[in-house]
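Heads up, there are several structures right after this.
Shared between the two complexes below is subunit A, which pairs with subunit B and subunit C, respectively.
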Partner chain A sequence: MSLSQRKSFSVFPAIQFIIIIALTFVLSVNSFAQEATDDTTSVTSVIIAPPTNLLVEDFEYDDGEKLNLIWTPSIDDQPQVGKVTGYQVFRVTNDDVTTKIAELMPGANNFTDQELDKDSTYSYYVTAIANGAEASSVTTSPISPQREWVNFGLTNLFVIALIIGGAIFYFIEMGKRGKKLFVRKIAGLEAVDDAIGRATEMGRPILYIPGIHDMDDVQTLASLTILGRVAEQIADYDIKIRMPVARSLVMTAARETIKASYQAAGRPDAYSDDMVSYITDEQFGYVAAVDGIMVREKPATVFLLGAFFAESLILAETGNHVGAIQIAGTARPAQLPFFIAACDFTLIGEELFAASAYLSNEPKALGALKGQDVGKIIAAAAIIAGVLLETVIQLTDSESAATLLGYLRQAFTT
Partner chain B sequence: MDHFGIWLAAFLTLGIYSFLYRDNAWYKLSESIFIGISAGYWVVILFWDNFYAKFWLQRQDDPMLWVGAALGFLMLLRLIPKIGWIARWPLAFIDGATAGLWGMNFLASNIMVQTKATIMPLMGPAFSGSIGDLLSNLVLVGGTFCGLIYFFFSKEHKGAFGNAARVGIWTIMITFGAMFGYTVMSRMSLLIGRIDFLFRDWLGLLK
Partner chain C sequence: MRREIPLLITGIVGVVFVISYFIPHFPFNMMDGWFSDWFSIIQACAIVLGALNLLLISSQKIIRRKTDWGYSIVVMATFFLMIIAGFSGGVEFRGPDTTFTWLYNFTFMPLSSTMYAILAFFVASASYRAFRARNAEATLLLGAAFFVMIGRVPIGDLITGFMPEGARLSDLTGWIMDYPQTAGQRAIMIGIALGLVSTSLRVILGIERSHLGGDS
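Our next item is the complex of A and B:
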């Protein structure tokens, strides 16, 4: 064996030894670290502090169906270093049934329990949760939710409603006494007479679409009120009216409205229930039917007044396609652009609600319309005053302006 | 069975779209099927969701539900011509309740909340200060104020008042223009959904 051979023979086992020692060291350190981590986990999972100061109180101004819970979070619920991973809220009913009603994120310190029975009592406790550990607050005394008959939190709303209501009564009284009540011209409503006249000349029907909502939408109510005025003229001119509807209640109300108008016009014999027909509650099923009616009957005039949704453009485009003069109106901002694009006249929001009073020209109705203008004056005055006060506060840091602004904001808080 | 359903859905979808060409027998057939099935479907849904779930199951717990049921029964009296006029009472109740509830909601949301939201500073040291912010606040306050003037019916739109009303209607129209574009985009997604059905589920051209 040469020297060099002997050298390499003796060096190789030494390197092997060093590698084995190093690997053993690394593995043992890793294992130790793992144990240490496990130890840490077991330590944090055992001890956490519970939430404290749990308080349950009645939810103010409700129908006796809600309770408010508020508590101080666990002292182990700290941002970033906190051990608490969340909270669970438990409800105990008067027959000792315990139910978990909520799981909340760390940091939570309140919860509103809803859909309760005012004739039952409820106790609560809140549990802080960590990895494998939990700590509960004390259980609260039993409490029942209370029903409040008057919501005093809305006193300011009541006062403003009283002012506007008072203004409406005042103007109605003025109108009754013969004072001429001025209301500016509304182009869309000025066109109603022309539109009905056009149908008369052409000998084609009028199609009246009251939207797709039910009678619990004020836009549908406004539409039916306008229908009453329009139907009187239709009865006078002896034109055919066609009114497909998407709600059975609207059908009933529309029939009553048209019948009353025909009686008022002295033409009860000309009325027929067939003037109003129920199609379907399904939005696009209704649209398919109305589109079919439009292209088959080719109405001279189409009224689209009420609550409309995605169907607005389809209906207005088809009406435009068959060459009808179209008067549309809705209070839904998302649909108004389509009506403006595809119809001849459009009643924008408030104009729809004003239409009935405008068309009737009766002192009572006009008085109501002028009374509503008082509400707009209040809003405009509050905006000017509020913006001026806000700007003065920014420029001068005035405390009196801040106090006034506080009152103003409070008056318009609901 | 699944294939039959897909073919039927495709047949009816194309039948409804055929209206884009003109009114035709295919469209009339699709229209009638759609209306008939949906009307029947809604009768069933309304019965189980309203009469059964909201009244029948809870009739013991809430005595007020019987008032609603009684009003509903009165509506059915329309079917008896001699006493059909009684059906006007529940209708009057619905009209009155709707007008009252919506009146307060409109007052709260359209007057009070919007007025409060429009109160903002136009300048000052604590104001964030960029020209963009100032313009934004000016447009918001001025647009709302002029919009209110446009909807004021008791005065003729003439002179300075008329000019403010014109600014108001311009503001409204610009807003509508922006909304038009936004809504058209969302409607396009409806069309894309239907085309996706035809090309993916029916024809299998998309994977």
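Our next item is the complex of A and C:
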């Protein structure tokens, strides 16, 4: 009795417990299902307008590999309050393969499809996305990218290049015919002789730094052409030249340049490969080495000509501290103030490129310099005309002045 | 021939580059990429020359006991250390957990940053010299620098806070930077652009050839 009582006592609660668990489970599942259904209802209830006016056109002046897509964003794509969370761009090829090619942010209204095949046709549609809902634009008609031979968008630049190039050719020809060409004095280049003479008197070396860029930079090329002229004088005066470089190709080219200059000066025996040494490609590793050379060898003259970056002031200040006369030059406007502050003479921008012609005094090279002036005249005339037109527009609100200014802007915009 | 062939190559490549700027059609549209690839290949080969030169000069210094030859030992030791670290890492030597990366991040980078940090002191010493009012131009520079510097920090507007908007120090700074400074910088940029064109034409036409070893 007591056993059966104990049995019945223990079985009932167990069954009750199982029933409660089962009920709880069923109710929970039901409730989850309901929630999920509610969610679905809320998702599908978001209705958004599709993007409209989708237009596909050929990308102008390319090799037949790009197409431009432009559309009007969905009216539900509003800043802050809009429902649209982004756009997806789909491409349909002529063999009916559809590919998603881009996912764009809300507000996007254009896209350039690239790396296309000019022999295929492409259709596109754009889908606006909003929390699971989406709305697609109509699919465009098939279009092929077109290949163009000439970039007519650069016609204005081509004309300007022709004028400046023509002027340079004209003055080179004038130089060849022996016409006297006036070139203004450049203080930094006038000082080259004195700087080399100073090193001779002091019996100290000359340090030549060609910047930290490679031979593909015109500044390095300009620096090496100056080196050619400077090295000839150095060979004449029999002074030591040190040229640590940051690029292997510059090392090879600089050696050739100095060797030729020593030969031209009739002193090939005085040339040594040790004059030019490679340090490292690393910017500040190079700076540390050059600073070390400056402090240890105390050069009388330092040339800093070429492409310089953050190292410009470190090098120029160290040169200043060791008491060297310094001639610097670069075509990087951001570094010019540092050179002006720390060096004795600075070749500003174009003067660096003019230096070789200036030092050589060769008529053809001087002719090329004179040709540049035509470009400056064009630039100055355009600036003055622009300023005058803008002033007239501000004062009189003249429409014809605005039209003229528009033409002027167009002429100098690519 | 030693001069003529490089001049010919320079001329052809220069002309092709000019043409490719205006003609988007194949093969001109590919030229830029091809020449860049070739340059990278030549550059990669040339680095061997540079490394050999570095080793040669350093070893000569050590052997001949030239001045400061001790530094050359450091150069050679670190040179070989990095090479060994690189090779020991295999193809993935630049991976996050390699010895090469560790050496680069914890020895080279701090040293490099130290060199860069010196710039702060040099800016101060160079500014001290540049901003001395020796003549009219230097005085003008000093004045402009004073207004720009003080207008860039909050105290500038604090001092001139009583003035109407548009006449405060930060506005003056903005005006100096937007007009006189930009005008001067653009003038320099125009000169540089024209200088580039002229130099490029001289090189392409072979008028400028001293970088190839002179005129002979």
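Convention: the second predicted complex is superposed on the first by the 304 of 414 C-alpha atoms of A that agree within 3 Å, B and C clash if a C-alpha of one lies under 4 Å from a C-alpha of the other, contacts with A are read in each partner's own complex, and residues count from 1 in each chain.
The definition used in the following text is that a residue touches a chain if its C-beta (ideal position, glycine included) is under 8 Å from a C-beta of that chain, and two chains touch if they have at least 3 such contacts.
Note that the structure is a prediction, hence the values are computed from the model and not measured.
Chemist: Tell me which partner A:58 touches in the superposition: subunit B (first), subunit C (second), both or neither.
Modeler: So A:58 meets neither subunit B nor subunit C here.
Chemist: For A:412, decide between first (touching subunit B), second (touching subunit C), both and neither.
Modeler: A:412 sits against subunit B, while subunit C stays out of touch.
Chemist: Contact-wise, after the overlay, does A:236 reach subunit B, subunit C, both or neither (first, second, both, neither)?
Modeler: A:236: touches no partner chain.
Chemist: State whether A:183 touches subunit B only (first), subunit C only (second), both chains, or neither.
Modeler: In the superposition, A:183 contacts subunit B only.
Chemist: With both complexes overlaid on chain A, does A:394 touch subunit B (first), subunit C (second), both or neither?
Modeler: After superposing on A, A:394 lies in contact with subunit B but is clear of subunit C.
Chemist: Examine A:365 and indicate which partner it touches, taking first as subunit B and second as subunit C; both and neither are also allowed.
Modeler: Touch status of A:365: second partner only.
Chemist: Between subunit B and subunit C, whom does A:340 touch in the aligned arrangement: first, second, both, or neither?
Modeler: both
Chemist: Output check: A:134 vs subunit B and subunit C. Expected answer is one of first, second, both, neither. What do you get?
Modeler: Touch partners of A:134: none, neither subunit B nor subunit C.
Chemist: Once the shared chain is lined up, is A:376 touching subunit B (first), subunit C (second), both, or neither of them?
Modeler: both
Chemist: Pick out the shared contact residues on subunit A: the ones touching subunit B in one complex and subunit C in the other.
Modeler: On subunit A, the residues that contact subunit B in one structure and subunit C in the other are 154, 161, 164, 216, 218, 221, 249, 252-253, 256, 278-282, 284-285, 288, 292, 296, 310, 313, 333, 336-338, 340-341, 348-351, 354, 369, 375-376, 379.
Chemist: Enumerate the contact residues on subunit A facing subunit C in the complex.
Modeler: Touching subunit C: residues 61-63, 147-151, 154, 158, 161, 164-165, 168, 172, 214, 216, 218, 221-222, 224-225, 227-229, 247-249, 251-253, 256-257, 259-261, 263-264, 274, 277-285, 287-288, 292, 296, 310, 313-314, 316-317, 320, 331, 333, 336-338, 340-342, 348-354, 356-357, 360, 362, 364-365, 368-369, 371-372, 375-376, 379 of subunit A.
Chemist: Which residues, counting only subunit B, touch subunit A once they are in their complex?
Modeler: Answer in residue numbers: 16, 19, 22-23, 27-28, 30-31, 34-35, 38-39, 41-42, 46, 75, 78, 87-88, 91, 94-95, 97-99, 102-104, 106-108, 111-116, 118-127, 141, 144-145, 148-149, 151-157, 172-173, 175-177, 179-180, 183, 187, 190.
Chemist: Can you tell me which positions in subunit C touch subunit A when the two form their complex?
Modeler: Touch list, subunit C to subunit A: 21-26, 29, 39, 42-43, 46-51, 53-54, 57, 67-68, 71, 108, 111-113, 115-116, 118-119, 122-123, 125-127, 129-130, 185, 188-192, 194-203, 205, 207-208, 210-216.
Chemist: Help me check something: in the complex, which residues belonging to subunit A touch subunit B?
Modeler: Against subunit B, subunit A makes touches at 154, 156-157, 160-161, 164, 182-184, 186, 215-218, 221, 249, 252-253, 256, 278-282, 284-286, 288-289, 291-292, 295-296, 310, 313, 333-334, 336-338, 340-341, 348-351, 354, 358, 369-370, 373, 375-380, 382-384, 386-387, 389-391, 393-395, 405, 408-409, 412-414.
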